[in-house]
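One chain, subunit A, links the two complexes that follow: it is found with subunit B in the first and with subunit C in the second.
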Partner chain A sequence: MMPERMQTKDLRVYFGKTEAVKGVDMEIRPGAVTAIIGPSGCGKTTFLRSLNRMHDNTRSARVTGHVYLGDRDIYNGGMNPVELRIRVGMVFQRPNPFPTMSIRENITFAPRRHGMRRRSDLQDLVEEVLRQAALWDEVKDRLDDPATGLSGGQQQRLCIARALAVRPKVLLMDEPASALDPTATQRIEELIFDLKAEYTIAIVTHNMQQAARVSDYTAFFYMGELIEFGETDVIFTNPKEAQTEAYITGRFG
Partner chain B sequence: MGGSWFRLTTGALACLVLITAGLIFYELWMGSRPAWEQWGLSFIWRTEWNPVRGEFGALPFIAGTLLTSGMALVIALPVSLGIAILLTEFAPRAVRDPLIFIVELLAAVPSVVFGLWGIFVLAPVVQGTVMPFIAGSPLGYLPIFGEPGAGYTLLTASLILAIMIIPIIASLSREVLMTVPRDQREGALALGCTRWEAMRHVVLAYGRAGIFSAAVLGLGRALGETMATTMTIGNSLGLTFDYFEAGNSMTAIIANELREAASEIHVASLVAIGLILFALSFVLNSIGRLIIGRVSRGGV
Partner chain C sequence: MSEGVSQTIPLRLRLRFLRDRILVGLCVVALAAAVVPLVWVLWDVVSVGAAHLSVEFLTSLPEPPTRPGGGWAHAFLGSVVVVGSAILMGIPVGVGTGIYMSEYGNNLLGRSTRFLCEVMAGLPSIVAGIVAYGLIVVTMGRFSALSGAIALAVLFVPIVAITTQEALALVPRHQREGAFALGLGDASTTLRVVLPAAMGNVLTGIMLATARVAGETAPLLFTAFNSRFWMEGLDQPTATVPVNIYNYAISPFDHWHDQAWAGAFVLVSVVLVLNVAARTLWARRARFMAGG
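What follows is the complex of A and B.
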């Protein structure tokens, strides 16, 4: 499985008349972790959700510009949203397992809809993605229990496993650890580190230590604009822009 | 301080409700005692109803009520769910707003108006079109459909009841669907599900307890509906399980005969039917609560 590259060109997102993302050109490199940081309300979530066309379902939202997955322009006739979201998975800020389904069903739900029917295939898939999400040992004896019986951190890893089960090329994560305690957060971070060999990962975080720990590249957003993009070490040790420096040294945000 | 007053007041009100229910039950019990004394529990399954000979039994009416309300629910539930789904997920604004308006309007129409509409519009259509159509289709082989006859039938009453409970079930279901958290739906969409798949497998599943309670409320409304049923059901006195025949219901027999009932045993029999209806509603609601409690572990 080859991770894929994403790229935006003059990406703008409007909610009604307000422009929440203001012309962003950015690359999300394959097989690496790109962190998106910036103060609250600067458009991180809005940017991330434009990468899997999640705004399609918000009435007031409008997206212009280009987003490429590989060389296909996902907004301008290059790909339909269903096809896109199979390739570009998403993990949400709050763990959102499906409460009426068991742990197993949470994982097999989407692959079954996409045509995977054989019991043994599904069984293998469940084990594989739960291992990838470092959850297998904790849940292997209760796969048929309700997913809501898991702790918050386990639920979030289940959601990651669920996203991996449709075999995406890219994984988008919107502050995946913000609702979790420090131990669970650490597990998620380790997991992200393990996953980046096989997946292109973009992670939104407002936690700069987290960005520094997990990412290879960092993008700093401010008021809907991409202020600075670069290798994480450079951004954190030697940023070019004054705003970036002010933010990472904690002078605002 | 404030909290304890609040608890005291709500506690007192809750007691009041219980006392009222108890009093109603007591009154119905006292009023129907002659019937129970004469026939015991067999009053429930006796099928003869003959005021002249003083023979009374509740089964034709219980059956009529259950058959019409049940069929009404069978028809109304999918339609209502369809409307609710359309309104929450698929309808563009231009369709949604008028549809919401119509549904709310339907909920506000007095039942006697539905009855009139049943007599002048629905009954002829049932007689001229619906029954011949069903009889000619594979459905016609079902034992619940006999020979098509006149327009005042169990089927007619069922259809009226269905139309009356659709607004209730649809608007309650819509509210249920709207309370399903956005991240549930988006969670499914983000996995590459279509909007329909997200709705059917995730949103509906999440809201199933709420939808179930909407159906129970709709059924309760159908069980208790009197005017529209009385005007369309045909008011026959015999037991029938044939939707193409005239039937009767617990509400209709009470509405039709209580005023003219001459003998004590006749009045008592009608009150006894009222008591059975009361108990039936109570049981139905309890079952509803129970099942909601059981499935709501997951969703709403």
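What follows is the complex of A and C.
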């Protein structure tokens, strides 16, 4: 399974009259982790959510410009949102397993809707993605228990497993560890590191140490603009822009 | 001691304390005015009604008024059939309307539907009866259980639509986004994620609406009408408990009055059980959602 590349060209997102993302050109490289950092309200989450068209369901939101998955423009008629989101999965800030479903059903729900019906295939899939999400050993004996009985960190790994189960090429993560304790956070970070061989990953984070630990590339957003993009080592040790330096050294934000 | 304290409190403050007490006192009086008649009615129905309840009353047909005994079995069956048909017709329409208003109704059609539902929920129930009378009874040329059921459904649908909408609105947005992010469409998201999460509250709304229409008399007076025999079909006039209570209560026979009390007792008990069950379910569901 080949991870895919995403790219934005002059991407703008408006909420009513407010422009939240102001013309961003950026590449999310295949098989690598790209961290998106910046102070609150800088547009980083808005940017991330435009990559799988999550703004489609917000009435006041409007997106212009281009977002490419591979060479297909996901807006402007190139792909419908359902097809897109099978290829570009998302993990949210707060773990959101489906409360009426068991651990197993949380994983098999979407693949079944997408046409996977054979019991043995589904069983294999559950084990495979739970192993990928480093959750198998903790839940293998209670797959049919309610997903809400898991701890917060386990729920978040279940959500990652659930996203992997539809075989995406790209995984978007919106502050996936911000609601978790340090131990659970560390497990998520290790998981991200393991997943990047097979997936293109973009992660929004508030935590700069986290960005430095897990990512290969870092994008710094400020006031809706992409201020600087580069290899994580360079951004954190030798940023070109004064604003980037001020932010990563903790002088604002 | 108390004199000493009162001397240290300024007059204005003491007046404020007095005003506080008067306000609380007035609230208690208002509460009593509301609750005392309710309890009184309930007590009357329970004490008098239960005294006249018997196995014969529950299981046999009426006797002619000149003879004692007999029962309302035909009316109990009639009410179950009429109310049952009303909710069978009303649930798909009401829940469907609620789903539309909650999930796709952020537009003129949705908002007007919501407004209409609120107006309809306050509709005088006799108007629902007139609608069913005009549509069904006049067309068919006779009173029928079906026309009664339609009249009740007209009252049932807006209540269920509103409670369904509110139940779905309680499902957090991140649940829907979780489903969308997996490439699921509107139908799967609504029917398999949002609706199941709200099911407890949807069922509660259905039960409360059922309790409400089960006791309606006015819409049935000239739709289901009445009968002294077992119902013969949905297209025939049918006895129901509320209409029977009305007819027996205004009759000149003492033992009919007793039966009206007993019928009222049965009806109030069923409505009470439905209400308590619905509220218990609601409370349990709320805890479940909070925990999850």
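In this text, the second predicted complex is superposed on the first by the 253 of 253 C-alpha atoms of A that agree within 3 Å, B and C clash if a C-alpha of one lies under 4 Å from a C-alpha of the other, contacts with A are read in each partner's own complex, and residues count from 1 in each chain.
One rule holds for everything that comes next: a residue touches a chain if its C-beta (ideal position, glycine included) is under 8 Å from a C-beta of that chain, and two chains touch if they have at least 3 such contacts.
On a predicted model such as this, the values are computed, not experimentally measured, just so you know.
Overlaying the two complexes via subunit A brings subunit B and subunit C into a clash.
When the shared chain is aligned, subunit B and subunit C each come close enough to touch A:Phe98.
When both complexes are overlaid on chain A, the residue A:Gly41 reaches neither subunit B nor subunit C. Judged by the touch definition given at the top, the superposed model places A:Glu83 against both subunit B and subunit C. Subunit A uses residues 52, 54, 57, 81-83, 85-86, 89-90, 92, 94, 96-100, 109-110, 113-114, 146, 148, 159, 162-163, 166 to touch subunit B in one structure and subunit C in the other. Of all residues in subunit B, only 181, 183-195, 197, 201-202, 205-206, 208, 297-299 touch subunit A in the complex they form. Looking at the complex, you find that subunit A touches subunit B at residues 52, 54, 57, 81-83, 85-86, 89-90, 92, 94, 96-101, 109-110, 113-114, 146, 148, 159, 162-163, 166. Chain contact summary for the complex, subunit A toward subunit C: residues 52, 54, 57, 59, 81-86, 89-90, 92, 94, 96-100, 109-110, 113-114, 146, 148, 159, 162-163, 166.
Across the complex, subunit C meets subunit A through its residues 106, 172, 174-185, 188, 192-193, 196-197, 199, 288-289, 291-292.
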